[in-house]
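Both complexes below contain chain A, partnered by chain B and then by chain C.
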Partner chain A sequence: MTSSDETRWDAVVIGGGHNGLVCAAFLGRVGRKVLVLEAEEQIGGAGRTHEFAPGFRVSMAHLLNRLHPEVVKALELEKHGLDLSPAHQVPTVALSSEGKPLILTGAYGEGLEGADASEKQAWAEVRAQLFRYADILKPLLARRPPSLDGMDLAASSAWAMTGLSLKRLGREDMRDFLRVLLMNVADFCDEGLQDDRLKGLLAFDAVLGSHLGPRSPTSLLGLYYRLAGELGGAPGAQLVPAGGTGAVMAAVRKAAEAAGVTIRTSAVAAKVFVEKGRATGVMLDSGEDIRAGKVISALNPATTFLELVGPQHLDTGFVRRVSNIRMKGDAAKLHLALERIPAFNGLPQQYRNARLVIASSTDYVERAFNPAKHGEFSPEPAMEITLPSIGDPSLAPTGASVLSATIQYAPYLLKEGWVAGKPKLLEAVLSVLERHAPGIRKTILHSELLTPADIEARYRMPGGHWHHGELQADQMLMSRPVFGAEGYHTPLPGLFLAGSGSHPGGGIFGVPGMNAARRVLGGRA
Partner chain B sequence: MKTWDAIVVGAGHNGLVNACYLQRAGLDVLVVEKNKWIGGAAVSRSLTPGFLYSNCSYVCSLFRPEIMRDLDLPRFGLQVISYEGGAVFTRDGDYLANYRDHHAHRREFARFSKKDAEAYDRYARDVTRQCRFIQPLLMRTAPDPTSLKPRDIGELVYLARKFAGLGAREMADTMRFWTMSISDFLDEYFETDVIKANLSLSGIIGTALGPMSPGTAYVLLHHYMGEVDGSVGAWGYARGGMGAVTQALADSFRASGGTIRTQAEVEEILVKKGQAAGVVLSDGEEIHGRMVISNADVKRTFLKLVDERELPEIFLRRVRNFRMRGSSGKLNIALDSMPEFPALPPDSPCVRADLHFTDTVERMERAYDDWKAGRWSADPFLDVVIPTTLDPTMAPPGKHFMSVFVQYCPPKVEGREWTDADRDAFAETVISQIVDYSPGFRDRIVHMEVRTPRELEAEVGLTEGNIFQGELTFDQLLFNRPVPGYAQYRSPIGGLYICGSSTHPGGGVMGAPGRNAALEILRDLKRGTSHMSPAHDVI
Partner chain C sequence: MNADMTVGTKPTEIAHRLALQPHFRTLRLGTPFQPRVEALSSRQEWYDWAGYKAPSVLWDEELEYFAIRSQAAVFDISPMVKYRIEGPDAEGFLDRLTLRDVTKLRPGRVHYTAWCDDDGHVLDDGTLFRLSDTRFRLCCQERHLPWLLDSAIGFGVEIEEETEEIAALALQGPTSWSVLEAAGCPGTERLKPFDIGTFAHEGEEVTISRTGFTGDLGYEIFVNAGHALSLWDRLFEAGKLFGIRAIGYAALNRARIEAGFIVANADFVTAEHALRSDRVRMPDAIGLGFMVDLKKGYFNGRRAIEKSRANGGPAQLLVGLEIEGNVPAEHAIVYHNAKREVGLVSAAIWSPTAKRNIAIASLDRRYGRPGTADLWVEIYAMRELQYIKMMKRAKIVPRPFIKLPRRIATPPGRF
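On to the complex of A and B.
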């Protein structure tokens, strides 16, 4: 084929995860002809719902806590079936193997049950401070990262907004903001709180999905990232979606289709065509050529540049930076098919739908982290558990239950290898679970443990990393994914990035997809 | 009764530097020191006949050359002997040598990996660039970002301009560098374990962080920015031990008319009507002064020496939250003969410099994991030097003084106070590691002094034994050091200043905090500062 061939598509989006679909939908809405290529049979990436045992369904990504309000509104996701109503929002419970659990009700602990009065007071102050500071970072997270190469209006206005909201804090608060910004979460918690369960929970949320422990400097940023999310206007809220996260993906898909987007599944992109230094289309692994004015990759940046484009089209420094992106995941995922709903120690009936966290103290999380640094899994892992079939009984046979748990830490590169390591990790996880829910092991009908290596293979996420690259300070903002590709553009004209590897990062957020579309359209992002 | 113009609490190197500059500006300055000797953590002590120990700090590099010249320190006897290289011993009986000469060092790397040797050029260039950016900040008072004073705004603009001057790509690299871990940073260049271990040690010395902790890449610079006699990145021994630095400072101070009183422990800083008025010694004696400058760390100064009622609550809270967990210990050993290191070729110059036995980053990180759990490292990281290989003044002929810096060593052992038995067990852990690489070492020991954070706190007065008077983490650097709002050497009390390593730019025998504090004090007094050389950038 030559470049004189007729270009049929205005844009082709590689990857039918939520960011790819969001990007396509935004482009479709303004009349662009867009094709989305999804390698699997089902769209939705890590958000799709699958049947892991007969009659039991679950999603890898099991919680929704940050789908951006602009995405929801612009794509009219609620009209297309997304249900964000407070009825589905769930509390968080910090489980305790011996004592009573601590329950954070409302949006990220508006209420606190199971703590004494002084701790409630302390938490109210710390919580307000956390949200105040997260609010300052919000505009930076929603927009294209400011460019270092001479700022355009959009970027400088994001900075100006941040600066302004900083000033509004008042002097002493602003000083504290600047002091704690890059602090570790363990020290931060120790400054304001007493309750180990609460501190453990905050520590866990701060490091969830990253290769950091609570005592690693900068780990507090992870908590800000979590708290900058909002749902249905409630900052910090979370929900276990009915129908699993797959139902959320279905709403995004409907929005994209309503915008005229064409979606092809089982279409594996093998190569991005580069002609005269410009991306001109995609070749599928079947050999089929698809030409497009713009190529947008919602895949991991390393996959995009090193595999689909190829180093020969990029300069050495850029290739080196891409190869240096850290993206070895540390989280495993457990799916259990249970005969009946498990009973966790001290957990009141009405909170079984909650997000249940096992992280009894910051030290517990730190101790879980230590082995991961050395290529070993945690013998006592920290975990986040949901029972999605409580809110949506259709996910399991009558009377039975699905348990979905994110397990930390399980390093992608396990020294002994995952073939030998996986059964041992499963044993470690189950014995921790058994301690918190005695008798649970006897009710297991089927289990599925996904190590980062499994997640990589199944969801095509290198390193099994759900952020498509560590979300740490040195890989944020203009360094995400790397300098030279930080504003959703790339060194190759015609090629754009729209995945979680781009600013601001992962989770079911939709911002990378939305901003990429804006960038493609040449407008503000 | 006499009223001094200024009283400096503590005769450590920063206190003396500060005192020297104030005295030379025409003030009448008194330095009070609790110990019989002066020097704080830069001392040479004779604890066994014939031997001198640099028993706290042990090598010299960071000391600012501007101060050296302003205060005429060479004339007062300070001589720094620079040394070459060093070595990391590996467990398979080999070693990796360090050479100051870039090309020799590169060839040594090539013995392990051609790729790493090539990467070393890139690495050296990138690190030098970071040093060049950061070094000038050391000798400047950090601006207060919440302030609208022209000086603070001017300084922020200076920093922003300097940053923008790097160009977009280097700006991005710099921003990443500041928050990276030394381990991740090195992974971007090198593949060989021992090479990474060798280079990562500069990122952790003296900090309560492991090589895999974000922010340690920056600490690396603290150890790279030094110079000896205009030779950048060089390290050396002060002839006669580290006490020579503070002795020269003290002599320079006295020569310009200053007064030092030893065995004068300050129990309280007098405050009258919100204004510092002098000090009360432990024997009850009151000494009056118009200003008090504390070289003690920020916690000791404001939580022990000052009546809390004189301080605003928010300030106190921030001082209490200032973190200064000790992370290191020290063995000072008198040897009756030169230890042997069979891995090294005969006459290797490496024995005259730093010797290390930690050959992987993982071992270093595991050593840190022990510290986090409140234990000293079972397999510690040691920085060993034998200064007597270049400086014969510290031991009788043929005999040697060995300084062993040990990381990690917690301020408390699993939450309880140190006991003598703990201290001995800690020392044994260290000695047995050395013996693994130097057979017969144990038999050469004539005398040994073991210092854990407990001893450092008791003798030198460093809270929790933190050698930098406060951890070097982001929340405690620049305008946050020691606490937000008071990063310019002043305090909520008029006439009370702080000049120790708790302040910007932090620890190491650098002298910059003492000098910067003097500059601020003279500014408040509207005195001339023509006797203070401006900072110069040498890299």
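On to the complex of A and C.
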């Protein structure tokens, strides 16, 4: 079967998640004729908003904390409906089941409530240091990773020096930056802080979405990744989007459409056509054949290479590397439809819209991680909670509430299997919630727990991993997703990668999509 | 054994464990033919072939060589690494793995091929037997199971190493078919070079192919290890009047140099063995460029090979040399204008059949084209504790160095 019209696209983008749309929009803006193929009925991938109970809507990705300013600006996302106004920016609260919560106000704790004066002072210093160092890494997380192939040593080190902006630091600070770069977050926090709640929060944020505990080497990198994000010019800021993350996706969609991009939903790519050693188009599972000058996959790299392209068009060593990408998710997602807004212990009314974190200490997070190493989940999981319907009442019926929680840890390959394990994990999570918000269980109208296996199936994320590949040192920069496909172009001419599996990684970020578009426009075959 | 390790362990358990670990007790394994080869080895000169005890010389290198060229020589090739590759996608798997077009290899045929890594560097060369539509045997020098298994990702194919289960003999020389005829192997007269056939032996089917490493009339026979000795006896009984002789590698090596064949990790360094980054070789650099089939689909290393060709090709070329005089130039340095170092000889003999002093050498590309004038080799000959240094003229000549009509005559000549 061939496509009904003889349209020849300059580029076809597989995957209508945010990165696919961003990539398409960047290409469309310079006059390329671009088609986006989205397998689901809705665009947005894990950022889409769905109704999980009658009248209750939620998004898998419930927070926005790193949508890149260049993406926002170049695609004029605010003009297309993205609302980054400070009104929606929310603080973070480290909950405590017994004592008082600790509240980080402003962008990642510009202010600290509920701590003593000396800890406030210590936090101000640690925070400043963290942002100073995250700032150095920021350019690395925005541009294309360095290539070991095309650069001599001098060029590479020049790149690294500029990229790292090490010169901006004083000698002592530079030394310390290099010292702590690959440290674990637990030791780092112990050096400068006293408050267990604060250390638990930082530990949680550092390991969120990865298979690391706070005491695992390199776990501090995850915190830098988090803090390198910014919103509306405020580093570390976060917001719970009005309309759910789906509204953000809608803005990106509008920007793409304004750039002339055509978007097709319910169009499942089954195969990338390879002719004379080049990617020449996409075959849909309906048999429809779509030809394009460039094929850009915003899907998972393993899905792209092993399923859509097929090993027969690739080298064995490359296939071996792709098969070995570590991407077993270790987080679950809980959605609760509640009769009324839950009351968390000691949480002041005005902070109910905050990101609420249950991770009372570094040890709490580390203990939650221990069973995950052995294919089990902890009876005391750590979690991040939002109540999106507080900021946007349209997400729940009047008076009712949506609770959205990311549960850390939930190993993809659960030893007992998720059929048996899922009700037990739900029970564990609800017990923890009940302790922090007594009475909450009685108000539950409906619950939806997404294990990594569910996330994999629903969002087409192998391993249920939202970064499409562990975001750890061995899978970063030129090793992301694998050597040979690190620069958004791939060994197969005409095929590009634009998803979170590529550098710099996941979250609602947009940089992989933006960089991929630049690579395509940069004249790469 | 460390005393601590055995505390609390029963002697029977230790014995059991030791029984499971024979590998370091027998550093060189015997092949299924070992009792027969051993009995014929009056010289007891052995070498290590892929972990097996293999004869370099059995009784006389010179006479063993002439057994290949004038009689029927038997060489035990059981240590050759063998893989069984089977499944609906076996053809596609091998087409992506190797350089030549496997879709053109018909069942019942063999071809000589090679395979590369992602960078287009040769991992090994070998022979590919197509036993049926969906079943193949790959024979080679080095072990490749992890590479083959990783190459099988996405293909419906099963791969198993069968080196130990399958014993193999090369039967080579002008009387080799007469031996088969006398042994009662009907149908073998119809085998053309690179054909595969079968004959019955003790209620089993034995695979025979008209292939070899000598450039002579010859066959390779594959039999289940359990029937190896009776097959050997059957051939030697039948071959009595045809001068059948077992031979060692030294004699075979002479024949293969005459035939112009290269040996992995002797004439080139395979990609997985090379420690130095400039020692790896693309097919074009070792005379295997003819295998690279750009008319077929993708295969491992293709993009790298095409890129190298677009950039002018490899830095070295493998060539045949004819050298004046009669002193073998083994591992001699090759010079241009007797001054500039341009390459190295990897194998060299005085060829008794060609009556020429021949060599296989790798030369810098500029000097590796046919017709290059002014090439010299420097030969150091040890003569009673003194090197005699000779500068000899060399010229590039085509391989093979000998062409024997009997190699391809079908039906083969009777003795």
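The definition used in the following text is that the second predicted complex is superposed on the first by the 503 of 525 C-alpha atoms of A that agree within 3 Å, B and C clash if a C-alpha of one lies under 4 Å from a C-alpha of the other, contacts with A are read in each partner's own complex, and residues count from 1 in each chain.
Throughout what follows, a residue touches a chain if its C-beta (ideal position, glycine included) is under 8 Å from a C-beta of that chain, and two chains touch if they have at least 3 such contacts.
Since the model is a prediction, treat every value here as computed from it, not as a measurement.
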Which touches a greater number of chain A residues, chain B or chain C? B
What is the contact status of A:L306 with respect to chain B (first) and chain C (second): first, second, both, or neither? second
Now for A:P491: first (chain B), second (chain C), both, or neither, which partner does it touch? second
Which superposed partner A:E125 touches (first chain B, second chain C, both, neither): neither
Considering only touches as defined above, state whether A:E427 meets chain B (first), chain C (second), both or neither. neither
For A:M183 in the superposed arrangement: first (chain B), second (chain C), both or neither? first
First (chain B), second (chain C), both or neither touched by A:D315: second
Taking the two structures together, which residues of chain A meet both chain B and chain C? 320, 484
Which residues, counting only chain A, touch chain C once they are in their complex? 274, 277, 306, 310-320, 323, 484, 491
List of chain B residues in touch with chain A within their complex: 145-146, 168-169, 171-173, 175-180, 184, 187-188, 209, 212-215, 314, 318, 321, 323, 362, 365-366, 369, 372-373, 473-475, 479-480, 484-485
Where on chain C does chain A make contact in their complex? 92, 96-97, 117-118, 147, 150-151, 153-155, 297-298, 300-303
Within the complex, chain B is touched by chain A residues 147-149, 171-172, 174-176, 178-184, 187, 191, 212, 215-218, 320, 324, 326, 366-367, 370, 373-374, 472-475, 477-479, 483-484, 486
